[in-house]
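Here you go, one structure.
In order of appearance the chains are A, B, C and D, and numbering begins at 1 in each one.
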Amino acid sequence: MSNVAKQMEAVRVLGPGRFGRAATILAEMFSDQNYSNFISLAGPIIPGGLRTLIVDLVDQRLIDGIVTTGANVTHDMLEALGHRHLVGSETLNDAKLKRLGLSRIYDLLVEQKAIEHLEKTTYQMLNRISESKRRNIATYELLWDFGKQLLDNHSLLRTAQKRSVPIFCPGIFDSMLGLNLWTYSRLDPLMINPFKDFSKLVDMTYETKKVGAVILGGGMPKHHVLIANSYRGGVDAAIQITLDRPEGGGASGAPLEEAISWGKIKNEKKLATIVGDATVIFPLLTLAALERVKKSS
Amino acid sequence: MSNVAKQMEAVRVLGPGRFGRAATILAEMFSDQNYSNFISLAGPIIPGGLRTLIVDLVDQRLIDGIVTTGANVTHDMLEALGHRHLVGSETLNDAKLKRLGLSRIYDLLVEQKAIEHLEKTTYQMLNRISESKRRNIATYELLWDFGKQLLDNHSLLRTAQKRSVPIFCPGIFDSMLGLNLWTYSRLDPLMINPFKDFSKLVDMTYETKKVGAVILGGGMPKHHVLIANSYRGGVDAAIQITLDRPEGGGASGAPLEEAISWGKIKNEKKLATIVGDATVIFPLLTLAALERVKKSS
Amino acid sequence: MSNVAKQMEAVRVLGPGRFGRAATILAEMFSDQNYSNFISLAGPIIPGGLRTLIVDLVDQRLIDGIVTTGANVTHDMLEALGHRHLVGSETLNDAKLKRLGLSRIYDLLVEQKAIEHLEKTTYQMLNRISESKRRNIATYELLWDFGKQLLDNHSLLRTAQKRSVPIFCPGIFDSMLGLNLWTYSRLDPLMINPFKDFSKLVDMTYETKKVGAVILGGGMPKHHVLIANSYRGGVDAAIQITLDRPEGGGASGAPLEEAISWGKIKNEKKLATIVGDATVIFPLLTLAALERVKKSS
Amino acid sequence: MSNVAKQMEAVRVLGPGRFGRAATILAEMFSDQNYSNFISLAGPIIPGGLRTLIVDLVDQRLIDGIVTTGANVTHDMLEALGHRHLVGSETLNDAKLKRLGLSRIYDLLVEQKAIEHLEKTTYQMLNRISESKRRNIATYELLWDFGKQLLDNHSLLRTAQKRSVPIFCPGIFDSMLGLNLWTYSRLDPLMINPFKDFSKLVDMTYETKKVGAVILGGGMPKHHVLIANSYRGGVDAAIQITLDRPEGGGASGAPLEEAISWGKIKNEKKLATIVGDATVIFPLLTLAALERVKKSS
């Protein structure tokens, strides 16, 4: 695999060149102790099969901070509660699925009863957090508290809590988990303070010599990692894997180079964009990077 | 134009069929008084030239609620302060642009001095909001307060405030404006409460007979409009315009039908997805819909 | 409509800027008598509802040459024989459709009996062409001969023949019509000579002061129009509408600028790429261009 | 690598599920002696770094037939003549490149002098083919004749000729090589007969128990492999890797399932589409498939 990645890098142009360069950059992020690495997760990274991989990277201390959508947190919790996704198809009838108590993510199905289970568990876990803490809590604090209470060792929330890796979830309000937080807040004290999250995130970028950014998908998680690094003059190295397009001008599909003009990335030398599906590309890229790290150590 | 849209609808399949159907659905949303219409804005909708159009729709009471990224709010404020984007190119050197004090969005350039101007103005506007209000403020309240203070009648924030149309910005933290809010909060009291936003948004969906959703781009704004409607059993009609793909499983590119299985959309009958750039398609679609409304009235 | 296009052009950046610029370029191609205009058709342009529009442009002498896939020729002939597509859905079961004698193009259905009808008719039409001609025939000659024999005045083949507009079909072998030509050739003399086509196409580019290229979709038709113009130093103006991406390096998604380095396009000044579905965008763009032509005349 | 692919297949949904399934199907095509495998090449497969891989697969008799664009043949010949691509960037100025004698494919550069070298060599090679043969030659015969005359053992044309693997090039006219064939034909006898190609291709699909299709990119090569198999009732197994979209209705982005309704594919059981860049995905997929073949043998 490492050889294939090297051959691809030797092409130096087009997709193979970008894949090979990304493997080299990722290997540097993983092996150079000066780096703190942040990974952003948008799209169905956890339900799409990368849960084990991300947990392993956190457990091996190769990732220092996570910025994610609420959906990925929701799915980590669903799996921690013992629920598995079902195999469906993108051509199933959605009205029928709803009647059957199933919700669809492309060809993956989630049982509504799992989501109801999550609701109850969320309330129980919130009740175990002290009211004073709940009155002004960052998402990373909340998710560490949840991680402590989840019994599943394969859980990203639990592993992140064990390794003191913060999970930032700036759009936590916008997810199934977020609905539970909102309904809870209507009866019991709960105030999430995203400013605390941002302070923690910015502090982390200051306390390290180098920042590496691993960007899976676009969305707010991508932009959030980058903008938090603008105070320190930008990240030092970044790779992104996305199917979003640049022409529309949205941040999701923007080339990493564009972020240089905003001061969110330092220079062009350690950047690689791979146009592709992160759930396919990232496991292969990580394999290539880790083999390279092993060889050189 | 109305004729062309009708001819396109007559094709009934492929892109023209979807464009024609979307025009019909939009015309219904605009003419049927039972509808409250929510528009979601992701990507450079405001800097991409749709500011006037969105302001007009709000001014004419055709849009009742807005869910947007922080970036679009930021750009509305920049323009309200008198700054205009510059015309660049997607092939410009970003390190050079940074040295010149210019930041890039594809082929559009923003002056850093405009962003500095925004920072000062934001602080001034925040100071004029009472401290008690600032200690627990929803984004829609904050943006109405800003709207009141902006003197530009072409401003979306100002027009929305005049028309009592709330602008929800669940990811406000993740924008240039959001950075200003965060730095302000480190010295002065400011606590944004997204739960208040969500309560307002959900209440609005309950207080209307029908909900129409106009989804420009994907991201959190898209998902947020839809998830807020899950309590009432889903939106009644929806159109989306996006270049994001469905296969990766992310919410941005998901077909509207998928949301039926989640209870966020009611049924398949009044749904249309157009694969395209919202800044190109939406003005043309609106023209077709409004011509149709005029003819039938 | 013309006003909307002008407003879009005034944005000068992102999608609206490109749409507006494309409208201006197309208006020039349509109004400046020095231009010979070539249109390339890839993807379901004819079955996707643009048959009437393309026929009108040919009939009004706004298009001087066509380069198309065999599929678009096949569908023009099917419609000329009285067959209409059926409205399906992209989620239908294809094995079931096959049993029902239906073939699918996304959400459009074609009856197999229509294709059988085409086969018989093709043989009859070929029989009416003299054997000597059949032994060395260009695709544009063949399609003119077919056009003469088709009774449908809405047919592109017939209209093109009437207007002496050649239809070049370099991949004619690769279509349902092409299969019929191949089976015919196994029993009766038929030799298609694409070199004759190319000579005619190159001659046309020499005999005009200016060449305009209207590129709908990518594929061989796009590349063929451009490469044929390399002998004269490139086309003078070009617009393209495509959903294909540039990053993979394929010609279909390549920016027009790239063709300058190959000598297929003259300079950057009269080029516009719109990322979108040609069957949606082209009718709207043509409307905008024709309104502009009318106003200035 | 084989383990990673198995883990991905275990996900069974979304991108990883499709990658894993594709690896399984490809392993079956490579190991089951009943299969004749056809590969289609569209986009810069050869200049994009897959030349060695494709040559190896042909040399190991894992591929029995090739359908390609003219551009890939052109680039194989350029490399066989000793020319290498240069490393550029997608932001270079194309007018400037032209003045420097360089032509661009995204971030890859080709020297015009290499293309001139190819022209002379093509004429020399054509002169060495007997006039009688030249008067009625299939593309696969022509490319075997060229393969015989090329001295580079890394050449796809040479290796294919040695292994008697036909290279079908239905759009040969539409390439730099095609221009050379056309100019030659204006002075010397040369008549390419695509009907002979198609007869050979169809015969091959009849003479094998099973047909496997490996589709890299879309375009005419994809469609050509599939349509040629419609006479035998469709291919038995197929994988495709493409960045093209399905919604526009073009054959390039169409899901493989659609081809079932046309009788070009037998059933849904052995089909997998990976949304991605073939030059990135195919080397990794092949590695996974070959490891699996080795393990089971």
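We take it that contacts are C-beta pairs under 8 Å (C-beta built on N, C-alpha and C of every residue); 3 or more make two chains touch, one makes a residue touch a chain.
Just so we're clear, the structure is a prediction, and the values are computed from it rather than from any experiment.
Counting only chains that touch, the fewest steps needed to get from chain B to chain C is 1.
Between the chain pairs A-D and A-C, more C-beta pairs are in contact across A-D. Centroids of chain A and chain B (each the mean of its C-alpha atoms) stand 25 Å apart. We define each chain's centre as the mean of its Cα atoms; on that basis chain A and chain D are separated by 37 Å.
Averaged C-alpha coordinates put the centre of chain A at 44 Å from the centre of chain C.
Among all residues of chain C, those that touch two or more other chains are 14-15, 44, 47-48, 90, 105-106, 108, 243, 245, 247-249, 275, 277-279. Taken as a graph of touching chains, this assembly is fully connected, with contact between every pair of chains.
Of all residues in chain A, only 42-44, 47-48, 71, 90, 94-95, 97-98, 102-108, 170-171, 173-175, 178-179, 181-182, 185-186, 190-195, 197-199, 217-220, 223-224, 227, 230, 243-254, 257-263, 267-268, 277-279 touch chain B in the complex they form. Within the complex formed with chain D, the chain A residues making contact are 1, 4, 7-8, 10-19, 44, 47-50, 52, 85, 87-88, 105-108, 243, 274-277, 279-281, 283-284, 287. Residues of chain B touching chain D in their complex: 14-15, 90-93, 245, 247-249, 275.
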